[in-house]
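Heads up, the next two complexes both have chain A, just with different partners, chain B and then chain C.
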Partner chain A sequence: MAEDVDALVERLLAGNRRALARILTQIENDAPAGRRALSLLYPRSGRAHTVGLTGSAGSGKSTLVAALARVLRARGKTLCIVAIDPTSPFSQGALLGDRIRMQELTADREVFLRSMATRGNLGGLAPATAGIVTALDAFGKDAVIVETVGAGQDEVEVAAMADTTVVVLTPGSGDDVQAMKAGIMEIADVLVVNKSDLPNADLLARQLRSIVEASRSGRPTPIVRTASALGEGIEALADALEEHRAYIEQPEVRAAHRRAQARHQVLALARQRLIDRVVTMHSGDGRLDDLIAQVAARRLDPHSAADALIRE
Partner chain B sequence: MTDQKIRVLIAKPGLDGHDRGAKVVARALRDAGMEVIYTGIRQTPEMIAEAALQEDVDVIGLSILSGAHMELFPRVINALKEREIGPDDVLLFAGGIIPDDDIPRLKQLGFQAVFGPGTSTEDVITFVRDWAGARAIGTA
Partner chain C sequence: MAEDVDALVERLLAGNRRALARILTQIENDAPAGRRALSLLYPRSGRAHTVGLTGSAGSGKSTLVAALARVLRARGKTLCIVAIDPTSPFSQGALLGDRIRMQELTADREVFLRSMATRGNLGGLAPATAGIVTALDAFGKDAVIVETVGAGQDEVEVAAMADTTVVVLTPGSGDDVQAMKAGIMEIADVLVVNKSDLPNADLLARQLRSIVEASRSGRPTPIVRTASALGEGIEALADALEEHRAYIEQPEVRAAHRRAQARHQVLALARQRLIDRVVTMHSGDGRLDDLIAQVAARRLDPHSAADALIRE
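Up next, the complex of A and B:
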């Protein structure tokens, strides 16, 4: 098995797209082959500009990514796109429809598009996204764009993985400015007012500007107005991404950014491994169910139950 | 912990714009716990094969109502072959308006099943699940 994976990794590094696609599946399934592939690919990653794009459902992210991809291609950039859609909590199935809006990109050999389901993860990203991005990065394209589920919260995950985080907002949804206050602001490297042909786009842009000016020290977050369905403002967005990239390429900024990313990834994976271990250990012996029942019956508090679970 | 999922591509080659059947099948397979990639209408054989490659799907379902299946399906198969994807790699099935006379030729091409109008979505789900189950045993 290991030899198969190693050969597949060689083919990926030589530019074979089928090998890349098959490795992505192994990584997504968290299979041993996927972990082996990642261990080989990780040292070869870190060259692509990784861009995370997030925003609420219906904010036009897919259309924006498609329009952005066209502009980047016109500028001679090669790219990979990861489009994430939710897994149904009821059936565990998913309908992944982002290719519909990115149809003409399929004919372009310099664009590789992969759809992913969240598979039960709440943060707007699928659990394997960081690994998927590593493989796409090592594949050698200029940029990797990750379009997340519009979860609205907890998208700190995106920022922890991407070089540049884009938050997409639309006029007329009051939630957006609420979300700003709740912390999305801190993760945005570029703010986009999409559907800026709609009424109240000016108002939203002004509100954002006042928040940016009030809250940020150092580099002010650029605000770009786009109408992705009309193809407007996309050049300006591509410029803003380039500018941010130049900013984080400064040695001291880059070192701090990479360390923060690495720290987040290692801790997130360690957390997951610990949880898996505890759950596996205590599912078999019924201890987990027993503690849960005690907490549900108010005989034990959740903190004590968690302590008991880890101590044993 | 390995989390295997059946990944399915549902695609509509050719120029007919009626994708109700394709969407019904896509939703049914999703509700059966699969990850379904739907590409939309008016796909060229190259676009379908390229989507199958990039998404590394286990199953490809083609839906066609225009009558051009004998023209387009072989081209999809060829486009897949050009990408090193053969009948052993994916499960192929077809749906839509396809005369019985054409079915033997389609089976020869590698289509494991052809579903006509009135097919229950349960039949499609069972068909895909049986194949996935057999494959899992074969590779274990």
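Up next, the complex of A and C:
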């Protein structure tokens, strides 16, 4: 197997899209071949600009990604797009307008598209997603854009691994900006007010501005107004991405950024490995089932059961 | 400390709301007092009907929860409501209409409201949320409703600990039902088409119906049409919740359900404990920083670093 994988990795590094697609599948499945590939690809990664773009369903983020992709292409950039939102037209079920925009992109050899199902398991999507981004980065395109549905843990995990995180908001979407401000300011490197032709776009932009001003620690987060369906504001968004990239490429910023990304990834993987090992160990001897039965019967609380499980 | 906590737990069990509030804070902070309280409360829990209600921002789920709460109260049920959506009016920033509805509920001694910030950390919100639900359950109300913003991992985790999971969808929200179907069917015990006075509500209900029919394994998932702002369909939703509860209270279903909940909780806690222990152990000796530095410099891949970390 190792030999096959090594050959596949060589072909990926030479720009072969089929080799890339096969390796991505192995990484998604967390197959031994995928791990082997990652160990070879990881040293070759770290050159692409990785962008996480997140927003709720209905925020128009897929259309925005498509429009952004065209602007980046017009600027001569090559790119990969990963959609981990199951509702994204990059995955399936596109509206007609989006589908036409997608076709234009899929016909372009300098754009690689990949969709990932969100996994319904406890481990979260971060470990596999990080591996996918590593492989795409090593593939040698200039930028890797990861589109994810906003809210909660997945958003935080994607932000932790991207160089630049874009949070897309829309006027009147029910997103309450004041209430969200801690979360937004924690992860957003660039804020986008999409559908800015709608009423209340000014209000939303003003609210965001006051939040950004109130939390001035370091670089103020830029706010870009776009109307992705009309193609407006996309050049400004591309500029904001480039400016953020230039910012994080400053040596002292870069070192801290890379360390934080590495820490997040290593701990996410270690957490998954540890629990896999405990489950495997105690599934055989019946100890896990025994503890779970006691908790289910309310004879033991979950904290004490977890302690007992890891103590052994 | 243990004595204080024990006294506080006694007061909680006697129905004291201030004791409950203090214990909830300790559980949220994962303080030793919170763990002690949980070990005492867990054996007293398991009687409330726990309901997870999830939907995107803008789906009207907070208004729906408020309307549902009033119907359940009219049926003589007592309840607790936990909002873990930062944008929920239960937390802050309510619209005027919602605020009035909330006041009606907050004035009612048989309704206990609690909001939780979503945490931006890698561990996810599940462990603390499960503890909060345990304490509320032991407090002795008939139902505990957990409102959470839909999408991704948080949704799955809430579903894993609730007796009944309600997924709220709205017509034309950008939620693509076909694309979401695997995820929906995995977690939803009851489907709600909210804002069913909007155009396309029929279409959405039909799409859901065909998904439910296509995936007939076991009990078909009921689809309830509501217009929460108008108070329509809420009685039918309350009925659907009671029917689902009767279903899972059948002895053979109940045993499997309780085991799955226990397993999920124990493994989530064990995962967190294990990684905390590894981080503590290797922070002192510099090994963690060393591995992270190697990964940041791309001399080592994250999988190999995670393996090295847990091997030691």
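FYI, the second predicted complex is superposed on the first by the 277 of 312 C-alpha atoms of A that agree within 3 Å, B and C clash if a C-alpha of one lies under 4 Å from a C-alpha of the other, contacts with A are read in each partner's own complex, and residues count from 1 in each chain.
We adopt the following convention: a residue touches a chain if its C-beta (ideal position, glycine included) is under 8 Å from a C-beta of that chain, and two chains touch if they have at least 3 such contacts.
Model, not experiment: these values are computed from the prediction.
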With the two complexes superposed on chain A, say which partner A:Asn29 touches: chain B (first), chain C (second), both, or neither. first
First (chain B), second (chain C), both or neither touched by A:Gly76: neither
For A:Tyr42, using the defined touch cut-off, is the partner it touches chain B, chain C, both, or neither? Pick first, second, both or neither. second
A:Arg17 in the overlay: touching chain B, chain C, both, or neither? Say first, second, both or neither. first
Have a look at where A:Ala270 lands relative to chain B and chain C in the superposition and call it first, second, both or neither. second
In the superposed model, does chain B or chain C contact more residues of chain A? C
Tell me the contact category for A:Gly284 with respect to chain B and chain C: first, second, both or neither. neither
If you lay the two complexes on top of each other, which residues of chain A touch chain B in one and chain C in the other? 87-88, 91-93, 117
Quick check on the complex: what are the chain C residues that touch chain A? 35, 38-39, 41-43, 45-46, 56-60, 86-88, 91-93, 117-118, 120-122, 124-125, 130, 134, 149-157, 160, 173-176, 178-180, 182-183, 186-187, 255, 258-259, 261-275, 277-279, 291-293, 295-307, 309-310
Considering the complex alone, what residue numbers of chain B touch chain A? 1-5, 7, 26-27, 29-40, 43-44, 46-47, 50-51, 53-56, 83-85
Note: in the complex, chain A contacts chain B through residues 17-18, 21-22, 24-25, 28-32, 87-88, 91-97, 99-100, 103, 106-107, 112-115, 117, 119, 276
